[in-house]
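What follows are several structures.
After this come two complexes, each holding chain A, first together with chain B and then together with chain C.
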Partner chain A sequence: MSAARAVRPVSVASFAQAQNVRRDDQRNEVEGLLPVIAEAFGAIGITKDDVDFICSGSTDYLVGGPFSFVMALDAVGVWPPRSESHVEMDGAWALYEAWVLLQEGKVDAALVYSFGRSSLGDLNEILTLQLDPYTMAPLWPDIVSLNALQARALIDAGKATEADFAAVASRSRRDALANPKAQVAGDIPVETLLEDEYVVAPLRRHALPPITDGAAAIVLAAGDKATRWSERPAWITGFDHRIETHALGARDLTASPSTAKAGEVAGVAAGPVDLAEIHAPFAHQELIVREALGLDGTVTVNPSGGALAANPIMSAGLIRIGEAASRIAAGQADRAVAHATSGPCLQQNLVCVLEGA
Partner chain B sequence: MAERCAVIGVGQTHHKAKREDVSIAGLVREAALRALDDAELTFADIDAVVIGKAPDMFEGNMMPELYLAPALGAVGKPMIRVHTAGSVGGSTSIVAAHLIASGIHKRVLTVAYEKQSDSDAMWALSVPQPFAAPLLAGAGGYFAPHIRAYMRRSGAPDHIGCMVAVKDRQNAMRNPYAHLHLPDIDMKTVQESVMLWDPLHYLEACPSSDGAAAMVLAAEDSLSGRYPPAWVHGMAMRSEPTMFAGRDQVNPRAGRDCSADVYVQAGITDPRAQIDVAEIYVPFSWYEPMWLENLGFCALGDGWKLTEAGATAFDGDIPWNTSGGVLSSNPIGASGMLRFLEVAMQVRGQAGEHQIDGARIALGQAYGGGSQFFSMWVVGSEKP
Partner chain C sequence: MTAATADERGPVTTLATPIALDFDFTPGVAQSRFLRGLEQGKFMGQRCSVCGKVYVPSRGTCPTDGVPTTEDVELSNSGTVTTFCVVNVPFAGQSIEIPYIAAQVLLDGANLSFMGLIQELPATEVRMGLRVEAVWVPEDELAPSLASVRYFRPNGEPDADYETYKEYL
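Moving on, here comes the complex of A and B:
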């Protein structure tokens, strides 16, 4: 986004998410998603006929079959035919695609959703298939081990300690007690957490995200619809995302230049930040993203509990934007930053700045 | 306010059954570098990258944009991965064009690919799912009954499909990048090839290809390149559910609505008269007459008559698939983008042996899923 370009005001008009659970045996992906979309529409009294565009995010590798988005779209019921698109990415990027379209000013409302059941396979091994298929995936490094390398690099660089990771986890799970959708919550002091066994050193159980089945939906609105559908719209005032190289050995794993760049383009530093919802599946990643976004100790981070409280793959990023927007709509914050990530060790990052009236 | 968007560079690989000389990264980079060269730019000039492909299970690489970011010069830039089934190459082009039209970026590289030889698409399409009907027959078996329904409705004679198969392969002889070069093809060889899915003979089906396509899109104040720009006059996507009682799978409403939208944007009221050349997604021969009707080039039931009369031939009044089409090259994820790319080449005057003289307005179309996902654009040599 060039600085000269005027951003068309677009608001997060509605947000809903599924109850995050370890395994939802009662419903398939689509059955888990539909009530969430109904809730997002119902909260502002609209139907699918009130949106001009639909965009979703999901991955075939969770359900283990091609075209998982097709069955979801069938159930959403795109009839008469709709202008619709899909990204094989976290729903936060689907939201970005919809936001881009709304920037042109031809349409005013969009439905964005994402879904995934991480419980259906061995997630730790499935995510290995994201790696270079010729040089890395055949070695089958699991994702927990790769993130442990990143945590180790932070410790070796003197940037953090295991107690810092535990402090992030302790605070996140404590805050999650106030989040009725959270999967993992509890008031456990740092000292107790540090008695956990290592899963892969230096990561103990508490520094890992839970495995979560979930879904989320957001309605984006511009123009009259934005003000009609929200008493206090959460306006997107900056939005950008960046990717880094895939070669882990070529990256400084203790920093996130892609987050820093996205934050710069989105204008994070242009005003005070009241709260940040950071998509950090592993505890140590919150520290890296905080630094990249330049957030100081005055910023409330992850009041929802973040991805350590619930990590539905493909939705956890979109949920960060929804959580931040909800707090603006409720008057609990005036300016918030939401972050989403994709790929091993924070390879790709998205930053969305939201502001109240 | 939407900004104007133009295609200023195109590139594609030589499509083959097996590109064993390159990795997936090498394949997409080959197309991207050709597009950049055509635009007289380098990766450093690009603001963002949009990549598309069909299901990840076709190669067994989950969310491959992560692995491909450095090969496409995307490091430090925004990168988006689109997946909308067979229409994805078209949808990817449209997502990229919106990054320009919205005013967010000045130059965007868009790439689509499939490396089918790295895995087995038929297997990937056939993974059993709980509570869902298996697609064990693959795409040809899925579409053959729809073709039969079309033949019954329209009264089309049996030989029409074979005519399309011959015409598109003859066109492919003009295109050095096409996968299939069959110099001796004629009606007899098509009709005598094995019956795969009645009424589709082997030679009436698309091949399985490795290949990639790439385009550089630019805003009006950021033009460059070896040829004049191809201006985007209209673009649209439409989706409808796979199946429900009463759905017309032969002439899907999503396709009709999508073309109606794009024609309004481009000021087209008489497609046959106003569109000089079209690249339409025809993976199985009979989809040419079916889409002639769906896209409004003729009245319902008359599509096969246009094909039979030679209207869609290279020297006809509405040349369709002058590149050889999907019937001659089918790197699935890229097949839609190749349609969008070929019409840009036509209005830029860079199509070489398969150039239609004086092409000024051209239509690119892609479809996917069970004829339920559509993406289209109209490009022109003049500024819209």
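Moving on, here comes the complex of A and C:
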């Protein structure tokens, strides 16, 4: 293994995700998570008693209910009392916390899950509240407009064109045809996509993610459990996350130095990359992340369709890791990179390198 | 003026940034069944197939075993006060005269207590083990809401034995 630093081998032993839909108006968060966690356990023949630690990622702002993450634990069953944690972030960061705990060597297995209920409120209002509360949020700059600023900066810098954004969307939704869990899929050529109306110029409809209700779960394993639970473990050989300043005006929005640094520490360049699952909710962001990770044209990007095919907020990053790991477990790739993002315009980024045996 | 000092008006100490968000609530399958039960003047719970406990209201899962609760159980209209407090504090929007009693009521057949008002009894006479029954709003006012239960009142039965509710305090 070619990690940039010594790590205890930890594998993504199991991954499950809910059917991604525009609106699940039947089930509450617990009812949505139950079958996902049951599938993640069932796929490797274990129960909740086989994991030593539970960590989840979600935000109460999405469902408008305090402590929704505590109630979500009902989907696991926490008796006898369990060691548990939660991050108010995408589940990819919950996975990072669990991975760090596994690095200490005291426990060998962890359940990581997240639920993303994006449909219950107005995302443009909710996501504004992640901005600086004194000087930015009171202006209510919505998330689509902020990303349009980023896309515009990319065009003005000569780094990309609207056709490039459309090409990302066209490829993603075509690949999503092979993903039964995808919400948006279709084979639409770039020229047709470029006839879409602008939502906020230069972003047309296809460059935006869908609004998605979903959930995901991953089981991490180390030691004997890793080899016992997987025929071909997807080992995490590098893992890092970095953040940039809150002040959008202080950043070069056309680049992602936090992704580049995380990729460097995670050891992305230490070997060939077969595929990358990039968490790019807006089409133009895939171009920025690709560049930051130094991925060339030989790398298969987002075979799942990525966040343009389904974007359950707080789960979409965790799903990238699960999708990459699944392809390694299936023998379709030997070395993969999974990326997750958080905050406005790629403010915070996480990079996970996965390798087959 | 240097960067380290505010001007003669002093530092800004308050900034008002009004925020209001609207959300749709999704009670889910199990809780909807509970709310629909209230609309019909009855308490609906669900039983865990592993431990046999009956939850009311159920959120669709057994929080102990982490499995779906699929068996619906209609519960009694009567129950036992497991613990209570006497509220003497007035607050804005209060619709009930103080003092009043907020109690945890364990419905007969349930393994989870929930909060209810106790009325038709002087506050000094409420006690653990008190047997109570639900008093519902008139039929044409029943709604999928806990407001359909006006309050609980003594049902005339002798107090419950402590052993029967000691697990639910």
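Annotations for the structure displayed:
As a working rule, the second predicted complex is superposed on the first by the 351 of 357 C-alpha atoms of A that agree within 3 Å, B and C clash if a C-alpha of one lies under 4 Å from a C-alpha of the other, contacts with A are read in each partner's own complex, and residues count from 1 in each chain.
Rule of thumb we're sticking to: a contact is a pair of C-beta atoms (placed from the backbone, for glycine too) under 8 Å apart; a residue touches a chain by one contact, two chains touch by 3 or more.
Predicted model, so just to flag it, every value in this text is computed and none were measured.
Of the two partner chains, chain B is the only one that A:Q348 touches; chain C does not reach it.
Touch criterion met: A:D74 reaches chain B and chain C at once.
Between chain B and chain C, B contacts the larger number of chain A residues. Applying the stated contact rule after C-alpha superposition, one finds that A:N28 touches each of chain B and chain C. Applying the stated contact rule after C-alpha superposition, one finds that A:L120 touches chain C and leaves chain B untouched. In the superposed model, A:G64 lies in contact with both chain B and chain C.
Contacts of A:G158 after superposition on the shared chain: neither chain B nor chain C is touched.
Applying the stated touch rule to the two superposed structures, the overlap between the chain B and chain C interfaces on chain A comprises residues 28, 61, 63-65, 71, 73-74, 77-79, 126, 129, 133-134, 137.
Note for the complex: chain A touches chain B at residues 1-2, 5, 28, 54, 59-61, 63-67, 69-71, 73-74, 77-89, 93, 96-97, 100-101, 103-106, 126-127, 129-134, 137, 240-247, 257-258, 261, 342-344, 347-348. On chain C, the positions that touch chain A within their shared complex are 15, 17, 19, 21-31, 59-68. Residues of chain A that touch chain C in their complex: 24-31, 34, 37, 48, 61, 63-65, 71, 73-79, 117, 119-122, 125-126, 129, 133-134, 137-138.
Contact residues on chain B toward chain A in their complex (touch as defined above): 1-2, 23-24, 55-70, 74-85, 91, 94-95, 98-99, 101-104, 106, 118, 124-125, 127-132, 236-244, 252-254, 257-258, 261, 369, 372-373.
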